[in-house]
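These notes open a run of structures that come right after.
Next, two complexes with chain A in common: one pairs it with chain B, the other with chain C.
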Partner chain A sequence: MRLQLTQPRVQVHKELASAVGWSISNELFSTSDDHTIHSWKASGEHSGQVCSLDAYSTDLHWYPCASRRQQGGATDVLAVSCTDGTFKILSKSGRVEKSVDAHRGAVICLRWNYEGTALATAGEDGLVKASTSPVSWKAHNGLVLRADWSPVNDMIVSGGEDCRYKVWDSFGRLLFQSAPLDHHVTAVAWCPGADLFAVGSLNHLQLCDRSGWAYSKESLQTGSILSLSWTQDGTQVAGCGGNGQLVFGRLADIALEWGHMKATLKDDKHIRVHNLVNETVDELDFRDSVVKMALGFEHLVVATSTQCCIYSTATWNTPHILDLKDTVSLILQCQRNFLTVDNFSGIQICTYEGRQVCNPKFQGLRTEFLSKQLLSLSNDTLAIVDKTDGKTIRFFDTAQGKPSGDVLVHSMDIAEVALSQNGIAPDRKVVFVDRNRDLYVRRVSKGGALVKLAPMVESAVWHDTAEMLATMTDQKLVIWYYVNVVFVDRDLIASTCSTQQEGEFGKGAVIQGFSGSRCTLRRSDGAEVAAGVPPYPLMLHQLVAQNQWDRAVRLCRFVKDGLLWACLAAMAVDAAELNTAEVAFAACEEVDKLQQVLAIKAIPSQEGRSAELALVRRCPQEAEAILLQAGLTYRAIQMNIQLFRWERALDLALKHKTHVDTVLLHRQRHLAASRRTENDPRFLQYAQEVPVDAAAVELKEQQEVQAEAQRPGARRYV
Partner chain B sequence: MSFRELRSFVEMMRALNFPHHISLESFRAPNFELVADCLYWLYQRYDPGTDVIDDISTETDRIIFLQSIGRAMFTKARIQLNLKRLYAANGLAVKELLKTATLLYKATFEANNEEAEALDQPATAVDTRSIDPKAARQLTSEIIRSGTAIYDALQQEPEMRELRNRALTSNMDTDVIADSVREAIVSVHDNVTSISHALEEMNDHHRSLETKMEKRRSELERCEKRLSTLAGVRPAYMDEYERLQEEMQGLFTVYLERFRNLEYLEGQLSQHREAQEERMAASNRTLKKMQRRLRDEEMRILRGEAAVDESQLADGEAYDYDSQGGSSTDEGPREASPGFVTVKQPVSAMGGAIRPMSRGGVVMGSLTGGGADESDDSIDEDDDSAEDDHVSVNDGMEREVFGDRVDDGDLREGMSATDLDGDPDQEQSAEFSSDENDF
Partner chain C sequence: MVGQVGENISFDENYRIRVLDVDKYNTTKTLQEECGNFSQKIQQLDGMVKTYLEAVDQQAKQIELEKLKAVGLRNAVATLAEDRKRKEKEVERLLADKQQQLERLLAEEQSLLRVKHEQDMLITKVTDSSC
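Let's look at the complex of A and B:
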């Protein structure tokens, strides 16, 4: 990625140009020490002088307006700060609507708040005046010349006289610190999407990733760049220099890769697509400038300022075209559909045929705060982090746009959310990383338990076809080969994940993608690194998905890897495939589990086996419910006795008026073994009422076992 | 201290490549070292040759330093510095420093611009190696030509000198000349700038056209590509279309065959109709003939030349009438037979008694061609002629007697002859009625 720079041919400002600002209709206003405000078109052409002021201006800021549709007469204004201690509210035509005496000495800086309800000014007198409470802290070795905060990812970038720029989170923790530049950093500005920011210095403009490393560095003849401003759609940046020159930069050479396809945005209306397999190059031209594009799942989705074009990678000739109402700020794709986010129509889910499916909404949805991290799309579910409190994840059905599953409320702010991509709706899982960088996993469907998977996770990405997860945990790449294991048998979690190449990726590496047997990462210095992942787990997933258990066993025997055996064991238990589970547990030397599987196999009835498997999954309630529904009362009581849930066992026995003596006998034996005496009043009472005869109880138990084996539906496991 | 001035100063010093970074906070507290540093550096930039003592260790040294710089700047650059403010080295000192810095900054800026402009102009070096001999020859001839021109001009010189002297002696307003020359220069300049503008516009236009062409070309390519892909695609109902076409071809051959058969059969039918019509006409003709004959016979009978057998006559007529509707396969014999039967039978029945009656059958005899009758014919030759005479007489008499009626009958005959296609029954009945009337 780089900036395509254009500088106006004529120099309009003869003096130092102090500030620039883009209006919502992509018009640039610049102010200078020659007392004038000029306007410019997005192409860099000078469109004329707007007005001249009676004082030197130091800063200007447009009234924040999220959407072009919300633009009206009252909101189409800008604020200009002056050296005579006033700030002025100007209309678009240059008329001074209001002039407020704010400070003694010059007003140096002013900013609207995000809603446009308040204006903060900073003056030479050292005061910050605002209607809301101000927040500030010291960050640099030297004067901080400029800072910018992004509401999307709550990150702050600052530049100062120590010639460095730094990236902070909203708690003041340093995320990145640049190497010193040649001169003071005089301007910084976040791109509205918050994945890029621009840094200006003397004759120097730099485009940086959100993690701090530079995409491109440009040398200019503008003097110090004193102010930078991005357009609302985040495609263009403008800066003004100390000698009055302006510079316009447009994002170009944005490259997206997916499989064997590579799409590059050559300039604002032109995309080049390379197919690396058959080495063909396709040129796509657009009527309007391209705002966002996304490539994946065999489709290229391009959002221009008025239209959304959906190309299939098979044919580039005839796109499906949707009309857009507002500037798209985000495009997310999954296998069956994709979504676009804009500030007017919110989140829109569309199919690749160009049909709009639904428009999920909830109270307090703020589309301008949504980013890739806070939104996740899968074939049937959409997960959105509710930014009003930052701790809630809401799930929506992508077919109707209605809420589905439980609302997930966490105790901490959520930083990233991701939905698993494969499988069907009941299997859908969500992982999220909270502010403490802990990774949690849950089923989307109702009543799922929340399980903490790992601490210190920097990023987490699902595999695009199998239920595998790649995470950067404590600077190490960890692959979870079978995430469902947390819902099957937590003892196997450690043996189904692998940690790769310690310390190779460095701090702050971000996983970009995980598909096939390759995981791509971007290191904090901007280098893209590909990490190989063994292909066997993927093959195993595919075989299991096709129910080919014997082939899966053969694959594991061929690879001879404990990890693969553990995955297979967990999969087999999940699918109640006991023979495979037996082989797998034997192979990974889990003797206790092997014996448990053998015991389950010996159970004559189907319901008994599924109850035991529920116990393996640590769901005793579910197991008991299965047994009681099937009428296996003795087995239910026996299960509760084995779990030492004496009260529940006694309750069941009393309710069904059977085996009270059995419960009492086992209780007595248990107390005797642990050398204690009975002190529960209920048990004391029933011990007096019901006679306990060990021989009779054992006889009864044998009869029950035989009765179960002779049940009409009973069938031995084969 | 003003924020704006400080910012401008820092910006200018940065642009002038001052070796240290100046912080915006530098002059918040008095900072004489920095002021002296900046001042010395600026002075050195202004006039590198001079030497100023930059010792600022003591108060007097500082004053001497400021005084020497202030004096030098005043004499050389006509800039009056407020030394008190500089000595205070606070925000106000920036104002004084800014004076010098602005001078240098503007000069540098303009110099840079001029340099850039100078770089823009093309180099006009002549490469001696690349002299064209042809051009050189042309130039020599030019020299010769101009030489002769000079010679001619010099010859005219004596006359011209006088005129020139006269012109020179006359009063001339130099200001007017200077103005006109200046105007001319300005107009030429304007001309040049307008031409260069036009050139630039042309270039712009050229570029834009090129980009347009490029775009069009790429569009064409894309369209062609699209066309090729579309050509490769088989239309949706092509299979069905082809199947239906084949089916239709089959149906058409069947149709053709049937049509041919129909045409053939229609032809046959029309042939058949024609034949039938012909036959009908022929039978009509014979009928008429027969009727005439019958009438003749009747006349004869009426005239008393032959005996009448009414029943036979009726029978014969009935038969004749029937035969008309009958099959037409054996026309020849039939045609002959009615006459033969009707006439012959009475002959045979009556035998010799009505021999003269068979005289009318002489014609019949020739039709049958019987040998027996021939002998009769030869025998009766004389009678025949006599009979003929008689008949003619009778005929004439008959005409006389029934003149009107005969005329009428003739007329009817003519009518029926014209109206051959008319109803034969009617015809017949008309004949009969006429016959009856005759009777």
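Let's look at the complex of A and C:
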């Protein structure tokens, strides 16, 4: 990625240009020490002088307007700060609507808040007006010249006289510090999507990733760049220099890769697509400038300023075209559909045939704060982090756009959310990383338990076809080959994940993608590195999905890997495939689990077996419900006795008026074994009322087992 | 007395009475002529001086111009070293930039080679055992 720079040939400002700002309709206003404000077209052409002021102006900021559609007379204004201590509100035509005496001495800078309800000014008198609770820290060795904060990812970038720029989170923790540049850093600005920021210095402009490394560095003839401003759609940046010259930069050479396809945005209206396998090149031209594009799942989605074009990677000739109402700020894709986010129509889910499916909404949805970290799409579910408190994840089904599943409320701010991509809706799982970088997993469907998977997780990405997860944990790449194991048997978690020993990724590496048997990562120095993942787990997933258990066992025998056996064991338990589970547990030497599986296999009835499997999954309630529904009262009581849930066992026995003596006998034996005396009043009471005869109880138990085996529909497991 | 008067009085070519003595008159006449000659010569001299001065001025201007040029050149030479340093720095920065990009690409290549190696191993393993 780089900046394609254009500099106007004419020198319009006679003196130093102090500030620039883009309007919502992509018109640039620049102000200068020659007392004038000029306007420019997005192409860099000078369109004329707007007005002249009677004082030196130091800063300007347009009234924040989220959408082109909301643009109107009242919102089409900009604020200009002046050295005479006033700030002025100007209309688009340059008429001074209002002039307010704000500070003694000059007003140095001013900013609207995001809603446009307040304006903060900072003056030479050392006062900041209309500010909120401040946190301060020592950031630079030397004067801090410029800072910018992004509401999307809550990060701050600052530049100072120590010639460095630094990236901070909103608590003041240093995330990145640059090597010193040649000159003081005089301007920094976040791109609206907060993936990038621009840094300006003397005759120098550079484009940086959010993690700090530079995409490109450009030399200019503008003097010190005093102010930088991005357009609303984040495709263009403008800067003004100390010699009055302006510079326009457009993002170009944005490259996306998916499988063997590579799409590159060559300039604003032109995309080149490479097919790396048969080495063909396709050129795509657009009428309007390209704002966003996404490549994946055999489709390329390109959003221009007016249209959304959907190409299939099979043919580049006939795109499906959708009309857009506003500038798209984000595109997300999944297997079956994709979504676009804009500030007017919100979140739109569309199919690849170009049909709009739905438009999920909830109270307090702020599309301008959404980023791809806070939004995740799968075939049937959409997950959105609610930015009003930052701790809530809401789920929507993608067919109707209605809320689905349980709203997830966490105790901490959520930094990243991701939905699993494979399988059907009941299997859908969500993982999220919170502010403490802890990774949690939950089922989307109702009543799912929240399980903490790992601490110190920097990023987490699901595999695009199987239920595998790649995470950067403590600077190491960890692959979770079967995440569902969390809900099957937590003892197996450690044996179904592996840490890649090879490959040094360093601090702050981010996983870009995980598909096939390859994981791509972006190191903190900007290098995109690949990490190989063994292909066998993926094959195992595919075989299991097709119910080919014998082939799965053969695969595991061939590979002879404990990890694969553990995965297979967990999958088999989840699918109640006991023979496979037996083989797998035997192979990975989990003797206790093997014994348990054998015991389950010996149970004569289907319901009894599924209840025992529910116990394996640590869901006693579910197990009991299965048994009671099937009328296996004795088994339910026996299960509670084995779990030492004496109260519940007694309740069940009393409710069904059977086996009270069985419960009492086992209770007595248990107490005798642990050398304690009965002190529960209810048990004392029933011990007096009900006679307990050990021989009779054992006879009854044997009869129950036989009765279960003779039930209609009871089959031995084969 | 009359004769004396008569002696002094004469007629000129136009038969007008002339009271001045002929000799005197002739001397005056030559004086006038010589004066005329002299003033003419002076004028000539003046013209010559003027052209000379002009030429000198022009020369001075040219010299001044050349002087300025020389000064400019001298300055340019003086800044050349600095300029070269600046350019050198710029090139160095560009080089560092490219170096960084190269390192990134090398890291990417290395990782891809590692993946390829792993895949090759896998292929040999699979083909060997199937033999």
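List of remarks:
Keep in mind that, in the parts below, the second predicted complex is superposed on the first by the 708 of 718 C-alpha atoms of A that agree within 3 Å, B and C clash if a C-alpha of one lies under 4 Å from a C-alpha of the other, contacts with A are read in each partner's own complex, and residues count from 1 in each chain.
FYI, contacts are C-beta pairs under 8 Å (C-beta built on N, C-alpha and C of every residue); 3 or more make two chains touch, one makes a residue touch a chain.
This one's a predicted model, so the numbers in the text were calculated from it and none came from an experiment.
Bringing the complexes onto one copy of chain A puts chain B beside chain C with no clash.
By the touch criterion defined above, A:Glu279 lies against neither chain B nor chain C after alignment on the C-alpha atoms of chain A.
In the superposed model, A:Glu689 lies in contact with neither chain B nor chain C. After overlaying the two complexes on the shared chain, residue contacts for A:Asp592 are found with neither chain B nor chain C.
Of the two partner chains, chain C is the only one touched by A:Glu528; chain B is not.
If you count the residues of chain A touched by chain B and by chain C, you find the higher number for B. Once the two complexes are laid over each other on the shared chain, residue contacts for A:Gly142 go to chain B alone; chain C is not touched.
Once the two complexes are overlaid on the shared chain, A:Ser219 sits against chain C while remaining clear of chain B. Shortest separation of chain B and chain C in the overlay equals 9 Å (C-alpha atoms, whole Å).
No residue of chain A contacts both chain B in one complex and chain C in the other. Contact residues of chain A toward chain C in the complex are 182, 214, 217, 219, 502-503, 517-518, 523, 525-532, 535, 558. Chain A contributes residues 16, 18, 33, 56, 58, 83, 105-106, 108, 124, 142-143, 145, 161, 163, 183-184, 202, 223-224, 226, 242-243, 283, 285, 315, 317-318 to its touches with chain B in the complex. Chain C makes touch with chain A in their complex at residues 89-90, 93, 97, 100, 103-105, 107-108, 110-112, 114-115, 118-119, 122, 129. By the touch criterion given at the top, residues 2-4, 7-8, 11-12, 14-15, 21, 23-25, 109, 215, 218-219, 222, 225-226, 229 of chain B touch chain A in their complex.
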